[in-house]
Amino acid sequence: MFKKILIANRGEIAIRVIRSCKEMGITTVAVYSDADRRSLHVRIADEAYHIGESSSAQSYLRMDKIIEAAKKSNAEAIHPGYGFLSENAEFTEACNKAGIKFIGPDAYAISTMGDKITARKKMIEAGVSVVPGTKGEMRDNATILKSAKEIGYPVMVKASAGGGGKGMRLVKSEEEIINAVKMAKSEAKSAFGNDAVYLEKFVNSPHHIEFQVLADKFGNTIHINERECSVQRRHQKVVEETPSPLMTAALRQKMGAEAVAAAKAVNYEGAGTVEFLVDNDLNYYFLEMNTRLQVEHPVTEQTTGIDLVKEQIRIAYGEKLSLKQEDVILFGHSMECRIYAEDAENNFMPSPGKIKYVKEPAGIGVRNDGYIYKGFEIPIHYDPMISKLIVWGKDRQEAINRMKRALCEYRIIGVKTSIRFLMKIFENKEFIAGNYNTQFIETYSEELFSGATCENEDIENISAITVFLEYLDQVSLHSSTINTQQINKWKDYGRRKGIGN
Amino acid sequence: MELEVKINNKLKKLELISQEDEIYTIRVDDEFYEVIAVKTTPQVYSVLLDNISYTLEIAKTDFSGKKFNVSTKNYKFMAKVIDAQTKYQQSRKQENDENSSDIISTPMPGQVIKIMVAEGQKVKSGDTIIIVEAMKMQSEYKASNDRIVKEILVEEGDKIKGHQPLVILEKE
Amino acid sequence: MFKKILIANRGEIAIRVIRSCKEMGITTVAVYSDADRRSLHVRIADEAYHIGESSSAQSYLRMDKIIEAAKKSNAEAIHPGYGFLSENAEFTEACNKAGIKFIGPDAYAISTMGDKITARKKMIEAGVSVVPGTKGEMRDNATILKSAKEIGYPVMVKASAGGGGKGMRLVKSEEEIINAVKMAKSEAKSAFGNDAVYLEKFVNSPHHIEFQVLADKFGNTIHINERECSVQRRHQKVVEETPSPLMTAALRQKMGAEAVAAAKAVNYEGAGTVEFLVDNDLNYYFLEMNTRLQVEHPVTEQTTGIDLVKEQIRIAYGEKLSLKQEDVILFGHSMECRIYAEDAENNFMPSPGKIKYVKEPAGIGVRNDGYIYKGFEIPIHYDPMISKLIVWGKDRQEAINRMKRALCEYRIIGVKTSIRFLMKIFENKEFIAGNYNTQFIETYSEELFSGATCENEDIENISAITVFLEYLDQVSLHSSTINTQQINKWKDYGRRKGIGN
Amino acid sequence: MELEVKINNKLKKLELISQEDEIYTIRVDDEFYEVIAVKTTPQVYSVLLDNISYTLEIAKTDFSGKKFNVSTKNYKFMAKVIDAQTKYQQSRKQENDENSSDIISTPMPGQVIKIMVAEGQKVKSGDTIIIVEAMKMQSEYKASNDRIVKEILVEEGDKIKGHQPLVILEKE
């Protein structure tokens, strides 16, 4: 096995990876930017290398610095976590060149899946269901009109190199299509330097369901069940769970097989995720493949007993998968909440700052993968995620009740958080019933974002009383009450000693 | 001992009637509360009222020792103690406000991305003065009245703290 | 379901119970002594009642005060936790009289299992294997000599009402037996007010293996696998795990069936534990039944997905068991360490005191059921347990590696703890191989208790450097460096403002 | 800046050679260490030495601010800073020790169960002076020399703190 691994990431995911390395007896190397000198991942790792200034571009995205640190520390492999360099084909090649094993798929798999038109083509070849749409680029208006008609309105115009909604357009009728394609091309050109766009059928109010896959270098590829990630805000996942409330055993088998086919089509190696859109009639369409570990991977771990980070490392080391498809179980139900330093009641403004108090939830069925501590200042430079709060329950109802209990135990002062907003999701009747799709947050926005105004006079008054007591306590501290008592005790002791003489 | 505490925007008058060990009798406006209260750690109070258990986390928000964030099971409050000193300062501040300058600042730390104005420039209510980025999200800060830019205290690219004065506006 | 439950306990187990109540939507009532006003269970509960002075006898053992609190708060049921009143038949009857449901078995089951001679008789009737020995009291020397000869030396003399080793004697030959019985009777008389003793075959170096059982009031009784608790120090369990390294599926079925028979023999209701001694030839003998929740119950929860506290509450409410024997699974491996405030390197002296710093372990597969916080003073009046640290792994090896990782993350300053001692257990080769019995700690005492002297010069020097820096920091604080800087910044701001004018 | 630090029973001489931001060069006896050290919170130091990461938790053990418990991944130390003031006090203490009294105290809080002696009584080395209970475990505290009981400062049943003087013995 590897003796030493460098983790090219920060925050909770760096700690998540380090923990599994430690359990495998592997020495861990952290890297850090200026802003992260006090970050927990630096302390929990065995070694730590400074790689640059605070901005990501000058630190966690600097391939040269990271490879230099790996060489200096004699790390044999690099785990990229998620984000940063985790889906960067160039970085995997740089690692190869430096003789360091990149823990993830090869450049071919990353770049094929990274380009949407190429990925679509590959998936169609591999027999994976894709959203009906055009196969390649569209050069003339006649082709555009014909293709759109074949697909049937409404259609989506999408950029091949796209992401984050850029170069994406919803077209409802024939009149709009030519102009929409023109606009999308122009946007795509400026955003990605590539004006290729394609047309896709618009899937109305879909579910976002993804399959975790594992593949070794010997071509053994399995899926490890699905995750339902339809609770999204602006395409950002908020709550994830497994199993999906929508899933049936038959559908899982069918979709799982296609996820495996998708991975095999690009000779995938490591852990990856194949994302699908699923409509209300349970038609499903390949959306994209994420060629790395996902933030929501723990819900899969909790329900299958598989440590996905350890599997990644074993695969990267060249081991054969120890699991066969039929060994994968699905035990109970797991859910994850992403806890962010943001002001949910104020349009989710980021809320960086110093943690003045933190009490993390614990106890039966609760796992909190975090990295903050009291006194830590959440840097302004990176993603504002504080932790992933994961629960396991024997069924969905127990998982929901446990998540509510855990959210209730979780107390953070110093930054605003999404905790109260999340609590409302777990109190929403349709969510509890398992009836939700990607439109969920929008549909119930009024309920979910209702300001938590306090209607309880007692609680206000008790808060006022507590503030009053705190003020009194401070005043008495300044007037040295405590020191006086201290002195009196010594006097008392002296006096008693005196009497004894 | 008597003073005022502002909870969010509600002003409450409090008076300590009596104290015996951890049992406090306190009047809040017209109601009397007998609570058993202990400070378990520097930031956490455990308060029992009629045997109902409340936990309140409390953190100072500035150096005055009079402004606090208070957190209970379901709510968070901004709280402020108004004692004699505060009242004096408030009365002075009101005088100053009469011919005051507007100070543009941000509620959180970040980085100055763009300054849209120059010193001496006239701006209208709603004009963007400065753009600040934190955690990859940019926010525009606008003038809330017609003003003149008196002074710009930062440069583009500067790292800034929360509540730090960035741009000072004044009446024409 | 019950609307409100009073928890007649403190510390980690009170919090453990409250968490499950919260997940069931049940309002919780805590009770506390003078010493526990700042204890976490008071804060985490919805309500809290003071029940007396610090000593257990004046608080947590005061049945009248606890029942009074239950009545005042309108609690419908009382959960006793473990210890204190949890195995007190008188208390269950007092609850009955007050119209409050005691969450546990009835007085008959408690008192039958509480008296060793009666329990032995019952077990023999029920066909449960017991250690060969005398059936009843021994009145004359002839009977004693005859019985001992039948059993075969060495034999144990045990007090019927016994516990904690009092009135217990190992006899190796015929010459010693008469005197040993006389001494044991005298000890038993003064310790328990009851001089009944009996003889048992001495089981050499046994394993301590126990079975968790659940029984509803309709007579449905099942077992939920075994727990191996052979790592003991002076009859105190130190590390527990499930499954037992010794267990086979066939033996589990046989012993489990006897555990169920034992429970049925006393019309058991609720959660209980049937303890067995197992020798190296896998002969097993009923030891005793604990008629309450055990400290080590979480390892069973982690490997079966069953929340035992919830099951206790459902059974007490009169619900039928939702599980059948064939529904009980055994998924992966779980281990528990008891973290104590004690000085393992100094004969396990209790080490109460104020917690100056605490960092609890977390992450994949780790559960820490604790109750301390920074600034909390562990009272001198009660059991010095700080927390139960539980891990789950897909197999025994992963559980061991995870426990080592978790123990390594666990940092406590202010009191001495057993953490380093525990770490050595998980590094012992025979423990790792699963070859251990109740003699384990004694056998390896030299290795396990070896003082952790630091051989690393660098670490000593870095510690010295850190102390030096801390000292410098304090000196500079006293000379108001920080305040000066603060003032300078304001001056600077004022100056800049001035220039602007 | 130079002083002595005692780690358990080893005395080490330390000197701060230079400091630039978070990089300290410190001499320990005859070895030079260049460390990157930050205090992440009031009790935790993160120290990097040759890119090896050490976390040290530190807590004061008394009010002097010179005695600490230090905890690292695998070890715990008692540490003591010996500065000029300490040295002066030590030299004075030695004088006192010449004709000093023995003070019986316990390392932890507990309750006095039984006092085995009376004031004025002669005791021999090994005689039990007092029995104290903590967490249901009783401990006997004995005289380490032949002495006379000068003063008993507690009564049976008293709650006591750690290190509190309980009984004072003196030479005949």
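When the chains are written out, they are named A, B, C and D in that same order, and each has its own residue count from 1.
The definition used in the following text is that a contact is a pair of C-beta atoms (placed from the backbone, for glycine too) under 8 Å apart; a residue touches a chain by one contact, two chains touch by 3 or more.
Values in this document were obtained by computation on a predicted structure and should not be read as measured data.
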Farthest-lying chain, centroid of Cα atoms versus that of subunit C: B
Comparison of C-D and B-C (more C-beta pairs in contact): C-D
Chain centre separation (subunit A, subunit C; CA means) in Å: 37
Euclidean distance of C-alpha centroids - subunit B vs subunit C, Å: 48
Centroid distance [mean C-alpha coordinates] between subunit D and subunit C, Å: 33
Distance from the mean Cα position of subunit D to that of subunit B, given in whole angstrom: 44
Two or more partner chains touched - positions in subunit C: 44, 359, 373, 408
Junction residues of subunit B - those touching two or more other chains: 44
Footprint of subunit D on subunit C - complex, ascending: 349-353, 356-357, 359, 380-384, 408, 411, 413-414, 420, 452, 454, 456, 458-474
Complex contacts: residues of subunit D adjacent to subunit A: 22, 36, 38, 40-42, 44, 46, 48, 51-53, 55, 119, 150-151, 153, 165, 168
Subunit B-facing residues of subunit C, complex: 30, 37-38, 42-50, 72-73, 373-376, 486, 493, 496-497, 500
Residues of subunit D that touch subunit C when the two form their complex: 1, 3, 5, 7-8, 10, 12, 14, 16, 24, 26, 28, 31, 33, 35, 37, 39, 43-45, 47, 49, 54, 56-60, 65-66, 68-77, 79, 81, 83, 108-111, 134-137, 139, 159, 162
Subunit A-touching residues of subunit C, taken from the complex the two chains share: 15-16, 19-20, 22-25, 44, 298, 301, 305-307, 329, 331-332, 359-360, 362-370, 373, 392, 394, 398, 401-402, 404-405, 408-409
